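Next up: the structures, one after another.
Common to both upcoming complexes is chain A, partnered first by chain B, then by chain C.
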Partner chain A sequence: MPKEKSDFAVVIPAYNEAERIGKVLQEAQKYASLIIVVDDGSTDQTAKVAQKFKVKVLRHQINLGKGAALKTGCEAAFGMGAKIVVAMDSDGQHKPEDIPRFIKTLKEKKVDLVLGSRNPSVGMTLIRILGNKIDSFLIARFFGIYVTDPICGFRAFTKKAYQKLAWESPGYAVETEMVAKAGLEKLSFVEIPIETLYTDKYKGVSILDAYKVLFDVFKWRFLK
Partner chain B sequence: MLPQQQIFSLIAGFAIFLLIVSLIRARKLREEYSWIWLLTGAIIFIIVIWYKLLIFITNLVGATLPTSALFILAILFLILINIFLSVKISQMSEQIKNLTQELTLLKGPKRKKKYAKRKK
Partner chain C sequence: MITGIQIVVIIFSLFMFYVTFLHFKKRELSLGEALFFSLLWLGAIFLTVFPKSIDFILKTFRIYRLLDLATIVGFAVLIGLSFKNYLEIKDLKKKLEKIVREKALKEIK
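On to the complex of A and B.
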């Protein structure tokens, strides 16, 4: 665990990840001094497992969704004095060793946002690749921002960017909304390639979620 | 309208009225929502008593039979009720989300005074 108090926090929203979150936190501790886990109303032992580590554990009494959990975590992180937040998933698909790369890129490139970009040829199903491409295309068309992987949950942003992003999506649309808002607010960003490990095909964004996200894209563009 | 139809409709209207009153008394239905259902019971009652009104509505909506006009009105009413309730559910979901997040943050780690003040 880093001895110095850093200016960033890692926010990990978690829902029913008791089996995997321990390993994620064990690794993440090596790279961050402030880690905030938001247990989003899990029905398993996610919060208890997280409490075994030197991390701050917040718990939603009911399941609100990834977007809401991420927002709670960010509010807590910035409220505790962090200047940057790194958001990552709790299911072990993101490598905590990439955290310093996000921070370094954010600081060196002086951008508002650093977005992780997964390699579509590793572990992604064809339908997900297609969904991701459609999402990228629509966001580029409607919000003037092109990113290769708009639904990747591994990203870092500054406090200033967070205040401008101000997402409302409580669920899995949060990542797409962040990118759309980044486009609308003309926030600066870079993408960095990340490695992912897919451990469970039943978790994460389902096909139905993906269609809801596509509907949301139209909603943000035409109904707001 | 046949007498049997009138009696059945009157009983239905009265049963709805009694159900609503008992739900309000048992505090299972808030008064702010009860007026819709009391109004529904009253409308059923009025239509049964004042059959000419139903004939007028039938002509107004262009239906051939009074029963068709009743079905159209009932379906429209149910659609409106569903939209109204969906709006209420959406508002309440948003309130629950905000309350849950605030509660989580209040129970959670101490926030810097300056930030907490600014959030207010």
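On to the complex of A and C.
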């Protein structure tokens, strides 16, 4: 585990991930000294499991959604002096060993945002691939930014970028909204390929969530 | 001759008048609110029993039946209420999120 105080924090929003979060934190601790878990109103022992590790745990009394949990985690991270936040999922889909790559890319390329991009041929269903493509196309069309995987939750951004991203979506649309806002605010970004592991096909973004995100993209473009 | 629809409307309006009275007695409605809704239910009964009383309104707007007017007004009220609910829920969600997040940040472990 990194002993020196680093300038970044890993923020992990979590909802009912008591079974998987332990393994994620065990690995993440090897790459980050400040890890913030936001338990988003879980009804299982997610917070208790997280507290067994050397991480900061915040708890929402009720489930607000990924976007709200990520916002809480970021505010805590920047409040504790972090200059960069790496956001990742709590379900083991993302490999903590990629954390240093995000930080290195952000610093070397001097960009505001580093976005993870999943390999679509590994574990992604056709529906998800199609949904991703539609999302990418619409965001490019409406916000002038092309991102191959706009809904991948593994990403890193600076404090300055966070203040400009200022997302409002409390739920799963947060990732898409961040990309849309990055386009509107003309933030610099880089995509890096990451590997993913799909552990539960029923958790995460469902087709109903996807429709809602699609509706939100039109809403941000035409109703704001 | 009284029709089935008229009977249903009268019974429903009397029932709603009673419900309004109960809520007023429980102090869940103010006197003003109770009077407003009571007038509404009584108005519905009056129009049902004397449908020709607002012929001048129907003729002005070229609506042929009282039932058509009731349908139009009903839809307008429902749409208006839906919009109002949308705004209020949106506002409540924002306030709730603010409270929950602030509490979480205060109690960081």
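By definition in this document, the second predicted complex is superposed on the first by the 224 of 224 C-alpha atoms of A that agree within 3 Å, B and C clash if a C-alpha of one lies under 4 Å from a C-alpha of the other, contacts with A are read in each partner's own complex, and residues count from 1 in each chain.
What we mean here is this: a residue touches a chain if its C-beta (ideal position, glycine included) is under 8 Å from a C-beta of that chain, and two chains touch if they have at least 3 such contacts.
The shown structure was predicted, so the numbers you read here are calculated from the model rather than taken from an experiment.
Student: Please tell me, clash or fit, for chain B and chain C sharing chain A in the overlay.
Tutor: Aligned on chain A, chain C clashes with chain B.
Student: Look at A:K181 in the shared chain and tell me whether it touches chain B only, chain C only, both, or neither; answer first, second, both or neither.
Tutor: Touch partners of A:K181: none, neither chain B nor chain C.
Student: Output check: A:A68 vs chain B and chain C. Expected answer is one of first, second, both, neither. What do you get?
Tutor: It touches chain B and chain C both.
Student: Classify the contacts of A:R59 with the two partner chains as first (chain B alone), second (chain C alone), both, or neither.
Tutor: Both partners.
Student: Identify the partner contact of A:A76: answer first if only chain B is touched, second if only chain C is, both if each is, neither if none is.
Tutor: A:A76 sits against chain B and chain C alike.
Student: Counting only touches as set out at the top, which of chain B and chain C does A:Q51 meet: first, second, both, neither?
Tutor: In the superposed model, A:Q51 contacts chain C only, not chain B.
Student: Once chain A of both complexes is superposed, is A:R155 in touch with chain B (first), chain C (second), both, or neither?
Tutor: Neither partner.
Student: Identify the overlap between the chain B-contacting and the chain C-contacting residues of chain A.
Tutor: Touching chain B in the first complex and chain C in the second, residues 38, 56, 58-62, 64, 68, 71-72, 75-76, 79, 170 of chain A appear in both lists.
Student: Which positions of chain A touch chain C when the two form their complex?
Tutor: 38, 41, 51, 56-62, 64, 68, 71-72, 75-76, 79, 170
Student: Where on chain A does chain B make contact in their complex?
Tutor: Its residues touching chain B are 36, 38, 56, 58-62, 64, 68, 71-72, 75-76, 78-81, 170.
Student: Which part of chain C faces chain A closely enough to touch in the complex?
Tutor: Going through chain C, the ones touching chain A are 93, 96-97, 100-101, 103-105, 107-109.
Student: What residues on chain B touch chain A, complex-wise?
Tutor: Spelled out, the residues of chain B in touch with chain A are 96-97, 100-101, 103-105, 107-112, 115-116, 119.
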